[in-house]
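Step one of this worksheet: look at the structure below.
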Amino acid sequence: MVIRGIFCRLLAAGFAVVAGCSNDPYPAADEQAKILYGAFSDAPKSLDPATAYSVREHQITGPVYDTLLEYHFLKRPLELIPGIAEALPEVTDLGGGRSRYRFSLRRDLLFHDDDCFELGAPGRRTREIVTDDIAFELQRIADPRVGSPVIEPFAHVEGFQAFGARLSARREADPAFAALPVHEQYRAVGPIEGIRTPSSHVLEIVLAEPYPQILYWFAMEFSAPVPWEAIAWYDGEAGRPRFDDHPVGSGPFELATYDKQAKFVLERSKNWYGVRHPEWRAPGAVYPSEGEPADRAAGLLESAGRSLPLLERVEVRREKESIPLFTKFLQGYYDSSGIAPENFDSVIQNGSLTPEMEARGIALAKDVAPTIFYLGFNMNDPVVGHGRTPAERARNRTLRQAMSLAIDSDEFLRIFLNGRGLPAQSPIPPNIYGYDPGYRNPYRQPDLERAKALLVDAGYPGGIDPKTGEALRITFDSYNTTTQGLIQHQFYTSAWKKLGLDVRIEASTYNQFQDKLRNGAHQVFEFGWGADYPDPENFLFLFWSKMKNSDFGGPNYANFSDPQFDRLFLAMKTEPNGPDRERMIREMTALLERERPWIEIFFREDYTLRHAWISNVKPSGLSIPTYQYIDIDPALRARLRTKWNEPIVWPLYVLVAAAVAIVVPGIRTYLRERQ
Amino acid sequence: MGAYILRRLAYGIAVVMGVLFLLFVLFFAVTNPDDIARKALGDKVPPSVIEVWKANHGYDRPLWPWQDWRENLLFDHYRRMLGFDFGLSDADDSPILERIRSGIGPSLSLTVPLLVLSLLASIPLSLVVAFFRETYIDRMGVLLCVLAMSVSMLLYIIGAQFLVGKVLRWFPISGYDSDPLLLPRFLAMPLLVGVVSGIGSEVRFYRTAFIEESTRDFVRTARAKGASEARIMTRHVLRNALIPILTQVVMSIPFLFMGSILLESFFGIPGLGGITFDAIQANDFSTLRTMVFIGSLLFVLGQILTDLSYGLVDPRVRFER
Amino acid sequence: MTVEPYVVSNGAVVVLLAGAVFLGRAVRRNRLWREAAASLWRRRRLALCVIAVYATIALLDSIAWKGGVPAEAVGVLPGAPHSVIDRLFLDSAEASYSAPFADVEFYGGKPLRHPGGHPLGTDIIGRDVLHLALKGARVALLIGGVTSLIAIPLALLFGVGAGYFGGRFDDFVFFLISTLASMPGLLLLIALVMAMGRGTLSVCVALGVTSWVGFCRLSRAETLKLRELDYVQSARVLGVSEPGIIVRHILPNLVHLIVITFVLMFSGLVLSEAVLAWLGIGVDGSWGQMIDGARNELSREPIVWWNIAAAGAALFTLILSVNAVGDAVRDVLDPRTRGEGA
């Protein structure tokens, strides 16, 4: 009897759980609020604007930190507009390659409310932003102890590296100095020569050499104003968080909750200039009224002229796996989503949404991102690299050309990405100056017969290495140890197998892979590069010999070096957009076409789905903050969510029936045995 | 008694020291701090930054005491671990102690109900199976147990998320919220999977314990006296078999704090198991070795407590193996 | 001159077969063992047959030689060694998914190169799933086998040594066991693989290091008991050397424990590898890796099920058979349960 009692109780508990069950992951109270629900997969590392350098971090630092310049929300190609600056800077040529950029900062800008401002005056919660705050942040980038990844581009500023050197020398010589708060250290060693603040609202930057791309860096969080109080206060001591985890910015949103393993919440800031001074009609705080021709039809101009931000709150939760994320999107619990390859066919047919998705009011946006995926050869390697003698050079080049001809980007995209992507012909992606839509790289048109013929020319007929009499053995080094990654790499190796080449995958952990890169022990590898800013220089510098990974630790992982390429690159870097620049880029592309340090695979095409209740979404390919433009219709969302999430209950009854069917004969047996 | 406690404690401390040494060999001598730094900082970073990072994380010293008696990583490792100063995560620089503290709640909210539910499900079931031993119910029960044991945990999770979460829409497919109104619906599915995947081996284990117990003399005596079989099972067999079961439960309590790597990471529960999973994925060695250390420490503590309680109950028990 | 892996593999097959013949004869000669084997066979005929089939597949997949590849075969290196199993699927590459026995590709409907020729379909890059599933048998048995080969001798060495000699050595072994046992198993496993790097051998070594402790403790306790038995004591009085006593009197009495441990450990090891595969540190070509690679494919439309089903079923059947045999082995060999229940 006791057994039956326990069982009944268990059953009752099960009923209670199921009866009260719902798959709604959010509190009912939030249903009518203008909240955007998003997801992230990997925990951010540092929210310090001087070091944050990945999309997952910019997702937070972008809306929290305001920058002097911003990108126009709608116009393509991307265009810079003033952010917290009054206007785009005045540029003065100082002669000798030097130039001065003069920014004027808006007045009456406030930081977000924060405890750290009590350091300046007791009881103070915020203070006005001055140009010294920007100069301070630039000094932090120059400070070797901060470890900023963008010292190199800012090194064009006069005296930038000298400042860092001065600082290090003083710290080493004088331990008492090294123990001072950093803002006092910076003050003591004197300012960076090329960064001046004539008044609290004027900032002058002097470049020692031409580098017009510097403007883009003023549209990124690296150069956002940072209060010295925040650095001094948030040091991780005495229970205070570290500055990495506690941003103090001035953007349209404040970071209200930050649990980096699980979720973060951004709330509209009452201190943002767009909220405090809507009457300014500042370009960064008003929804734009012009864009691309297609934007009007896409409904992207319906909010024109409205004051930003349109959302109350942004809640972003961690989703490590793509399938739960997408399922929750379909259930209406996330407002927008990408499409995992596995889900693609249930959503898209013949390039557009399935009728079922359209009936749900889901919209699709496509955008080719300025991101390239490529296979690289280690040019220092004796078999696949530059080679030492002219004969070796010719042999290895022909081998690279043959291997390039064997890889079918279209097939790769079709199999792994449902065709979402553009087969790459050169390193320069669409929407970047110098991209030539008509260009067809002869070595990227897959042709097995021609590849086999080239292998004969290279002295490896049928893939046989004459030295060993067996298939030429090449290693494909990979740091992607997931099963999915392995399968993708097997696609490449099986293509080369068709030429008779024995390419073996060596999957190692990321640090072992980096070790191989450093020691030059790699041969073929896969990598990707995403644009920092929309300029071809940001892609072609990956072949510049000064960026060689083996010698300088730069991102030229192929270790490509070619004097003619270097010459063209340096000229192209400073040349304004125009026919001359286009010609240089063409020459560089032709050089890469012949030399094949890379096998360009594809440019990623992002497909973004969004529900009917979310509006004003336009992808840009760069990690640019756009939360302030997005709008939500909570009433529609609540209605559709209820409609889509009726639980299916009948299997429960089947389960109960099955349980009864098992239990009853047991009891009968028991009763029989008792008699 | 006092001497026994002291000896037991000293042995526990020695074991913890041994664990720490093993961890040092694995995470400092075998894997180089340079590699950890490079993994943490990513591919866009110049070498000088790596040196700064190593200094910030205390990796910039020689490994062994014979290289530098004062400043070496081995002593530093012992000093920091034993002082519970776990330092910063290698992957994202966040304080490890902080993160562990925030993970204990979610982990316990999963593992404690899981333990209770598993016991509530498997003990009655195994009693039933033991009660009907040598009948078709027993044979079917054992067969079902072996079947349930032979399925990989991955398949259970994948199946539940697909069926219960996606098709039937009973519960959120993954996620976590500490709000008591929302918590049960997030925990329902991981609990279901945890109970179902563990029930096979547990029922089999308890069944053996019950059957062993039911062949004892006092059970025969009770049977001879004419007590009903159900009464024998609940009064005599269950009560006596409870001792080994309880011992096992007590021994498993320390591990409740460690969470469940698979369940937490698949269902997005930000507990210690999920943290461990992230640490593995990100090659976050400092977090990983902290987790191993804490796990060992809890285990050793649990063992000492169990032994001491035996010693208190039964004065004949001495420091034996 | 390095020896190529396939030569090693062929050699291992010869050694294994010879070992099996030797074992079979040994079992036949001893009455107790012969009866135990017969009793086992009576109880678990089906499961033993299933295991035999898996073992045969694994052996066939371990015998490889070079050459003999038809010129028209696509997607295989003509000069590389291919196993017997590989040779059944030499020219089976397709471009991408196809369903079991299908004539056209799963997406797009392009005709296949081998219409109807894939009884379990093909995976995302067009490999025959039956081929992959069969190859998984070798990996699984390799994991279980190599790990046991590492763990059991290690455990015997330390366990018997500690139990027999006692003293300092026993203290040391006991300390080592307590230390290893107090570290969370899965975490230690992961830490070992991450420190040693990926690969079959390092996974096996890691599994071995984490799984020898239990058996070591068992064999130590058993040796302690055996050491005090009369005939061992009298052997010592008669002046039999200590290694002689261990080999002649202690080890034979541990054989039943070894067999039970081996069978019971085996399924746990293979299942652990599946978890490692999910963490990205498993063994290439294992079923765990197949399951992990295919788990998201259940969300495709229409569902791609054959991949995960093949790997899941192959894994499940092997584990089920081994578990079933393990139960029976324990019943037959364990003196505590022997004679009861049968």
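Here the chain labels run A, B and C in written order, and each chain numbers its own residues starting at 1.
Rule of thumb we're sticking to: a contact is a pair of C-beta atoms (placed from the backbone, for glycine too) under 8 Å apart; a residue touches a chain by one contact, two chains touch by 3 or more.
All of these numbers come straight from a predicted model, not from anything done at the bench.
Peer 1: Centre to centre, using CA atoms, which chain is the farthest one from chain A?
Peer 2: C
Peer 1: Per the definition at the top, count C-beta pairs in contact and tell me whether A-B or A-C has more.
Peer 2: Spelling it out, more C-beta pairs touch across A-B than across the other pair.
Peer 1: So how far apart, in whole Å, are chain B and chain C when each is placed at the average of its C-alpha atoms?
Peer 2: For chain B versus chain C, the centre distance works out to 26 Å.
Peer 1: Rounded to the nearest whole Å, what is the centre-to-centre distance of chain A and chain B, using the mean of the C-alpha atoms as each centre?
Peer 2: 36
Peer 1: Quick one: chain A and chain C, Cα centre-to-centre, how many Å?
Peer 2: 43
Peer 1: Send over the residues of chain C in touch with two or more other chains.
Peer 2: 194, 280-281, 292, 298
Peer 1: Could you pull out the residues of chain A that touch at least 2 other chains?
Peer 2: Residues 323, 509, 512 of chain A touch two or more partner chains.
Peer 1: Listing for chain B: what residues touch at least two other chains?
Peer 2: Chain B, residues with two or more chain partners: 31, 283.
Peer 1: With touch defined as at the start, can you tell me which chain A residues reach chain B in the complex?
Peer 2: Its residues touching chain B are 1-3, 6-7, 10, 17-18, 20-27, 42-46, 53-54, 144-145, 147-149, 151-152, 236, 242, 244-245, 259-262, 317-321, 323-324, 327-328, 331, 333, 509-512, 514-515, 552-555, 557, 645-648, 651, 666, 669-670, 673-674.
Peer 1: Can you check the complex and tell me which residues of chain A touch chain C?
Peer 2: 322-323, 326, 340, 342-343, 345-346, 411, 414-416, 463-464, 470-471, 481-484, 486-487, 490-491, 494, 497-498, 500, 502, 507-509, 512
Peer 1: For the complex, which residues does chain B have touching chain C?
Peer 2: Per the stated touch rule, the residues are 11, 14-16, 18-19, 22-23, 26-27, 30-31, 134, 142, 146-147, 149-155, 158, 162, 255, 258, 261-262, 276-277, 280-281, 283, 285, 288-289, 291-292, 295-296, 299-300, 303, 321.
Peer 1: What residues of chain C sit close enough to touch chain B in their complex?
Peer 2: 174-176, 178-184, 186-188, 190-192, 194-196, 267, 271, 274-275, 278-281, 288, 291-292, 295, 298, 308, 312, 315-316, 319-320, 323-324, 327, 341
Peer 1: Which bits of chain B are touching chain A when the two form their complex?
Peer 2: Going through chain B, the ones touching chain A are 31-32, 34-36, 38-49, 52-53, 91-95, 99, 102-103, 120-121, 124, 127-128, 131-132, 135, 137, 161, 165-177, 179, 181-182, 184-186, 188, 228-230, 234, 265-266, 268, 270, 274-275, 278, 282-283.
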